[in-house]
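Scrolling down, you'll hit the structures one after another.
The same subunit A turns up in both complexes below, where it pairs with subunit B and then with subunit C.
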Partner chain A sequence: MSDVVDVATGLEFFITGLGKGSVYALIAVGFALIYKVTGVLNFAQGWFAALFGLLPVVLSTSLVVSFEISPLVAVAITVFAGLLLGLVLEFGIFRFFIGEPVLSVIVVTLALVASIEGIVQYLVGPGYRAYPEAVLPDWTVPLALGVELQGPFALAIVFAVATVAALMAFFRYTVMGSILRAAASDQQAAMVLGVSIERTIVVAWAISLTITSIGGVLFAMSTSGWSFAPYTNIGILVFAAVVLGGIDSIPGAFIGAITIGVIEELGTGYLDPVVAPGFGTVLPMLFLLVIILVLPYGLFGTERIERL
Partner chain B sequence: MPCGEYFTSYVSRMGLVRWRTERVAFLLALPIPFALPALLDTGTLSVITQIYIFIVAVLGLNVILGYAGEIVLAQGAFMAIGAYSSARVITTLGPGLLPAVFVGGLVTAVAAVLFGLPSWRVKGFYIAISTLALQFITEWFINAREFSGIHGGPQTTLPSEIGLVGGAVPISSIQDTYYLALVAAALFALVSLNISRTGIGRRFRAVKENDLSSAVLGIDVFRTKLLAYAVGGFMVGVAGGLFGFYIGTLNVGQFGVSLTLEHYLMLLLGGVGRVWGAIIGVSTVVFLQDELRTIIQEVAQGATALEPLFFGAVIIVYLALEPKGIIAGLGQLKEYLRSWPYAY
Partner chain C sequence: MRGAEGEPPVVALDNAEIVYDRHFLAVQGVSLEAHRGEIVALLGPNGAGKSTILKMISGIGQTERGEVTRGSVSFEGDDVTNAKTTPMVDRGVTHILEGRRVFEDLTVEENLRCGLYRGGRRLRSKKSDYELAFEYFPQLEDLLDVNAGYTSGGEQQMLVIARALIHRPNLLLLDEPSLGLAPKLVEDIFETMREINKNEDITMIVADQNAKETLEIADHGYVLEGGQIELSGPADELVDREEIKEFYLGAGGDESQYSEVRHYKIRKRYN
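Let's turn to the complex of A and B:
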């Protein structure tokens, strides 16, 4: 009897891990996309997700300003805000850092991290904010052994798979996609052939933050509310995901994120009681260090060969 | 070259104080830090003490980032390790402040070398990612009460009066802390200046500029990087220990990513790889921060959370406009004034 229960718990951890991994995948794919096309290592990705996760709460309740828009519209606006923020960031900040040293870009994204933390702390504080009931899916997907997949996670899996498939198709079959690929592989050659690098960068930022906004909202839905701390962990777990996948590979980021989500959940389920609370979140970070030491180019990354 | 003074030997060319004006300025400026405690109120003195402590920390960062070019995002973790380990030494063994801070520095140096192990395989932003991960792991480790046997609990309160060595020379007032921090800052500034003038410093710079070609020239890149981690980590750890005593009660929240960013801002604002840059950067930022806090408190209560937003905006604008640092700007100004009123 206890065996069956153990398998069921294990499966539940695994399934939750898959769901969480899919949420991470949306954010990680956004990260990988920016890195692939613009070469910017966006340390603030998790914090952007936090911002987007908060937005539906702000819009649909009278927390900061009394808009009280219908919750579903608020979610739609959030996704649109993702697109908009992508454009604002590109035109307002990152345009000035094309061709600047890695250090400057990293510090700029860290400065964004601090700014977002400052804004959020000032507006709503670090506490928990419940999501409006109307947007929370009240259904679950029943699976084997009485395990159920939560609604938000099911949505996340669907969205993540669809996004990755759509992005891969976009890169392979559309003209814009080929332009993005060209810009990613050799900026100068692409420019010579008449590609507007600036436009490709704008497109990359817009797509990336749109995907991130979906991820941010779904993550908040999965815990049926928003709080700041989990997102800071996502910020670093996304790195584990993309490094495992090979930083500039979109399917790699997807697979990496799923792996990281499963590792985190299994770690939380089985190792937290043994070691200390929160070890499940640290486990993927330790895993990240191992990957960096053993397999720096990840599973699908482009290996860079240096010459003098 | 200004007319009238020439270097006649390499020793004088390499000297720390080279020109007559510099010598005079040095002698004139020397009494100022010692006279300050008599002139200023305790509030300002406390701010200047913090500046001295942060100078040590940023000089440590400067060794790692400015000299060896490793983008290490674990500054907060290093400070935390230094602070907690020296606090642990003080509360359990009680050998006095100096030995405790020294042990804190050594522990941080060892931790920094461990943090630097990924540089065996990777460089650049991979180092940034791995050290950021280690920053989070360190925060989690210190926050976990399960490991209190190692780090002494996430919240540690230090005694307000500690002997310098053993029970001798008790340090309690802000004046005492001020002098201690001043000595530490001066000592490590001298150490940093000398590191940059010796072979070690040149090896660091070679690795920073191009690790592949310095390997071809026979430099053991990995060892050089680890040495930079150890030296820089020691300095940051000492600063952490002093900072812990300065603030009295340790809390993990004080050693987060925002502290790392703050120190990066200080170093970048002053000038990366320059000792005077670090000193100027720290002084500017800490004074600004203090002023800003007062202003924010007056304008709106509870708006202190907006402080990081301000600094984030400053650093972004600054990096977009003048990424070389105040010290480079001062150099340009000096050149301009030297040939004034002529263009050159």
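Let's turn to the complex of A and C:
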């Protein structure tokens, strides 16, 4: 009897890890996409997710604005806002940093982190905000041994898998996808073929923040509400996930994120009681250190081709 | 008088001075012309300014903080001094950069695919997409699925030319197509360049250190030295000039060994 319970508990940890990992994956894939196409390490990716996670609350309650929008529409607007913000950032900021040293671009993304914290403080403060009931899935997916997968996690898994598959097909089979990769591998050589670097960067940012907005909203849904702190944690975990996957690899970011999610959840479930509370959250970081030592290019990163 | 009567040269530099980073003077007082249908050779040792001139014609030099600070560059009669790359590409200029810049982690086919767009629009022709490329470089057909980074130096050179060819340029700028290739391969590739020039009516400017092979296919040549033109003339006349023979063709030796050439001699004789 107790064996069954143990297996069920283990399965539950694992499934929750998969779900969380998929949420991370949506944000991590956004991160990897920007790095792959533009070479920018956007440290603000998790903070963007926080902003997007908050948006449905802001839009659908009269918290800040004086009108209320149907919660579902609010979610749709949020995803659209992801697309829009991607465009705005490119036109407003990153366009001017093409060809600038990596360090100055990193400083810009850190400035974005600080700005977002400021905006959030101004809008709602750090406290917890319940999500509008109407957008919270009231269903779960029953699995074996009485274990259930939460609705938001189920959605995250579906979205993450679909996004990764779509992006891989896009990069492999479409002309635009080839051009984005070409521009990433050699900007000048792409430019003399008429490729507009600005345009490739716009496309990357728009797709990236659209995906990230979905991740940000689903994460809030999984906790039935929004609060700021967990997102900053995600911002760091996502970085670990991406490094694990090889930074510029889309499927790598996905698998890295899933791995991090599962490690975190199993660590929290089994080790927190033994070691110390919060150890589960640190575990992925320890894991990351090992990975960086053993696999400098991550699992799927591009190794520079060395010809003899 | 070169070129057809009344037709402006495809490219003309008039007394151009080119500066990098606002301070570094790379090219000084250079005037040259390429007329429709010609192959023009830009010769000279390392650092002579060959690549710099090509980069300012295609506009890509601006990404390296290059600027034409005096004189002018014109394209088909229009002033294009310090024009950006995109409008130059739209006018039909395709630049093959120095160093065989294939997109390494893309396959050969994906590399070719990147040549299919110009001005944001898909190029259409009667021939199928890559047929033109295979006509001149049939070897590439067997390599379509290979990562370009894993192909040989010669194959990479063919690939970048093929990719540019698919791009259907009016003016093709080729920078060091012979770099690091075996003599026999250089001969083949240059012969193919000549065929492309004649059959497809593509004007070419070829910057190369291999004076012998380049002058063999060129109509006209310019010899640069320290950012200035030291010598110019019809290719068949240049080949016979003693100084060229002595310094650029090597006295029967390896013609690409410029590091051993004592450049100042040329300057002394022609200043």
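Throughout what follows, the second predicted complex is superposed on the first by the 303 of 308 C-alpha atoms of A that agree within 3 Å, B and C clash if a C-alpha of one lies under 4 Å from a C-alpha of the other, contacts with A are read in each partner's own complex, and residues count from 1 in each chain.
The rule we apply is simple: a residue touches a chain if its C-beta (ideal position, glycine included) is under 8 Å from a C-beta of that chain, and two chains touch if they have at least 3 such contacts.
Quick caveat, the model's predicted, so the values are computed rather than measured.
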Overlay on subunit A: subunit C relative to subunit B, clash or fit:
fit
Looking at the overlay, what does A:Val195 touch: subunit B (first), subunit C (second), both, or neither?
second
Classify the contacts of A:Ala76 with the two partner chains as first (subunit B alone), second (subunit C alone), both, or neither.
neither
Looking at A:Leu87 after the superposition, I want to know if it touches subunit B, subunit C, both of them or none. Which is it: first, second, both, neither?
neither
With subunit A at the apex, the angle to the CA centres of subunit B and subunit C, rounded to a multiple of 10 degrees, reads 80
Taking the superposition as given, does A:Val124 touch the first partner, subunit B, the second, subunit C, both, or neither?
neither
Of subunit B and subunit C, the partner touching more residues of subunit A is B
Check whether A:Leu266 is in contact with subunit B, with subunit C, with both or with neither, and answer first, second, both or neither.
neither
Can A:Val141 be said to touch subunit B (first), subunit C (second), both, or neither?
neither
Contact-wise, after the overlay, does A:Ala276 reach subunit B, subunit C, both or neither (first, second, both, neither)?
first
State the minimum pairwise Cα distance, in Å, between subunit B and subunit C in the overlaid complexes.
15
Along subunit A, where are the residues that touch subunit C in the complex?
99, 175, 178-179, 181-182, 185-196, 199, 302, 305, 307
Could you pull out which subunit C residues touch subunit A in their complex?
58, 60, 63, 85-86, 89-90, 94-97, 101-106, 110-111, 113-120, 122, 147, 149-150, 163-164, 167
Please give the residue numbers of subunit A that touch subunit B in the complex, ascending.
41, 43, 93, 96-97, 100-104, 106-108, 110-115, 117-119, 121-122, 233, 236, 239-240, 243, 275-279, 281-282, 285-286, 288-289, 292-293, 296, 306, 308
Residue set of subunit B touching subunit A in the complex reads 65, 71, 73, 117-118, 120-122, 124-126, 128-130, 132-134, 136-137, 140, 143-147, 210, 212-213, 216, 257-258, 260-261, 264-265, 268, 272, 303, 305-313, 315-316, 319-320, 323
